[in-house]
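You will see subunit A twice below: alongside subunit B first, and alongside subunit C after that.
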Partner chain A sequence: MQAGLWIVQRASAAVLAVCVVVHLVTIIYAVQGGLTTAEILERTRGNVAWFAFYSVFVLAVTLHVPIGLRSVCSEWLRWRGRSRDFALLLFAAFLGWAGMRAVVGVFA
Partner chain B sequence: MVHRLSGIALALFLPLHFWTLGRALALDDFVSWTQQPLVKFGEWLVVVALAAHLGGGLRVLALEFLPWRDWQKSLAAVAAALALGVGLALALAL
Partner chain C sequence: MLEVKVWRGKADGGFQRFEVPRHPSQTVLDVVTHIQRHLDPTLAYRFACRVGMCGSCAMMVNGVPRWTCRTHIDSVSKNNELTVGPLRNLPVIRDLVTDMREFFDKWARAKGEFRGRQTKEDDFAKVPPQSPPRQQVDAGIECIGCGVCYAACDVVKWNPDYLGPAALNRAWTLINDVRGKDNLERLRAVSGDAGCHACHSHVSCTERCPKHLSPTAAIAGLKRAVTKAVLEGDL
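== the complex of A and B ==
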């Protein structure tokens, strides 16, 4: 279990490294001259490439964040066992759902 | 420590980020809300946290997967420089 999570965390980190660089460049580019709803939607609406990119981004985040929080819960809150894993599973499900809702929201 | 704190901050921010975007950007009100200086400062903090977490994460991956142990201090410096660079770039762009 521990080894599996470690591999997933590193693999998702590698994917996220690329996604975050693209995201940061996009943010810095997009905020120049002010951010508007129309400008965001113009970029994303109907754009399959952005849809695919953000879908991968959300999937990687959904895996990466709960595994990271798992260590924080264990080491800082001394919260271990099934209740912690169940809570984090719920959080992962929420992130995946809310993330994909956001991706679809700016695409459709 | 920076890596952990920035990670927690991002984990707290993400639900809000997704929820806002999920409203299909019925968001002009929200975008005008973000024009307040304090909110802009908050945005800047989130972006710096993201850059810092990226830098720290790249350092971890490099240490674990590349034979670069002697370069640890240099890598930490590169990570810090990356975070600072992104922060400055955003501050200039905002």
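== the complex of A and C ==
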């Protein structure tokens, strides 16, 4: 299972590398001269491409972060076993829920 | 004179101060030997060959794992001060002597013994020296099991089950040995939370290896091999 988790974490890291760069470049490009919330939402709402892009971003975060925290928990907090994995599953669910809530709010 | 602080006792021990005369080309092992022979005969430490072949004299020198026989005082002592302790990440038996059993048990757990496919009836195996697998073996085969990489590894400190750089390096040389067998079993043994996937690639092992080997590269090779086996459905 750990080998599978490792592969998922590496693959999600590769996705995140692209997503973070696109995200930052887009922000810097779009915000030049200032933007209001209303202007942002006017541009983003109903945009299927950006909705899909940020959904992938959230999915990658949801997979990547808990797997990384798994090592942090075991190495720094000495927290291993099923309780750790269950807590991280809950955290992954929270990340996915919070992330998709934001994506739906901005792009749907 | 050299001001030397030497670890005494077990894990809950402490440093004891000694003054040792300085000599040209003096090594840390010379200093420890001087203390034992002239200042305190109860000091426990290990050494054998004194020329960097056996790996038994590895200790923490100013907080860094080194072969004491190959470490000159000139290269490590600032202001004529020196601190010598037992290797990190291993139980201390007494003074500068550590219990290496767990270190070598992990070689066994990583399936570190060679198992050949051929019998005595077969001809000699021909392994071209320039073939990629043989080159991978060459890169790691000179390990003498001194434990320096194991003491340098932060992951061993955080995760006591972690097999460690030397055992994983050994497994990688065997995986690349074209005469061997049971590689899937070996990959299974070296993957997971206690195996190659726990490595954070801090590269401390490679930085400290007195033989200038790169266990980090070996571990990366294991990660690639495990990934390939998983994607092909073998693991």
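Going forward, the second predicted complex is superposed on the first by the 107 of 108 C-alpha atoms of A that agree within 3 Å, B and C clash if a C-alpha of one lies under 4 Å from a C-alpha of the other, contacts with A are read in each partner's own complex, and residues count from 1 in each chain.
Criterion: contacts are C-beta pairs under 8 Å (C-beta built on N, C-alpha and C of every residue); 3 or more make two chains touch, one makes a residue touch a chain.
These figures come from a predicted structure and were not determined experimentally.
Following the overlay on subunit A, give me a clash-or-fit verdict for subunit B and subunit C.
Superposition check on subunit A shows subunit B and subunit C fit without a clash.
With both complexes superposed on chain A, which partner does A:Cys73 reach: first (subunit B), second (subunit C), both or neither?
In the superposed model, A:Cys73 contacts neither subunit B nor subunit C.
Of the two partner chains, subunit B (first) and subunit C (second), which one does A:Ala3 touch, if any: first, second, both, or neither?
After superposing on A, A:Ala3 lies in contact with subunit C but is clear of subunit B.
Just checking: does A:Ala92 make contact with subunit B only, subunit C only, both, or neither of them? Give me first, second, both or neither.
Neither: A:Ala92 stays clear of subunit B and subunit C.
Does subunit B (first) or subunit C (second) touch A:Ala60, or do both, or does neither?
neither
Consider the C-alpha centres of subunit B and subunit C from the C-alpha centre of subunit A, and write down the angle between them to the nearest 10 degrees.
Seen from the centre of subunit A, the opening angle is 70 degrees.
Look at the residues of subunit A and decide whether subunit B or subunit C touches more of them.
Of subunit B and subunit C, the partner in contact with more residues of subunit A is B.
Please state the minimum Cα-Cα separation between subunit B and subunit C in the superposed model, rounded to the nearest whole Å.
After superposing on chain A, subunit B and subunit C come no closer than 6 Å at C-alpha.
Using the touch rule from the top, collect the residues of subunit C that touch subunit A in their complex.
155, 158-159, 191-193, 195, 197-198, 200, 223, 226-227, 230-231, 235
Subunit B touches which residues of subunit A in the complex?
Where subunit A meets subunit B, its residues are 10, 13-14, 16-17, 20-21, 23-24, 27-28, 31-32, 35-37, 40-41, 61, 65, 68-69, 72, 94-95, 98-99, 101-102, 105-106, 108.
Quick one: in the complex, what on subunit B touches subunit A?
Contact set of subunit B toward subunit A: 4, 7-8, 10-11, 14-15, 17-25, 27-28, 31, 34, 47, 50-51, 53-54, 57-58, 60-61, 64-65, 86, 89-90, 93-94.
Hey, which residues of subunit A end up touching subunit C in the complex?
Residue positions touching the partner: 1-7, 71, 74-76.
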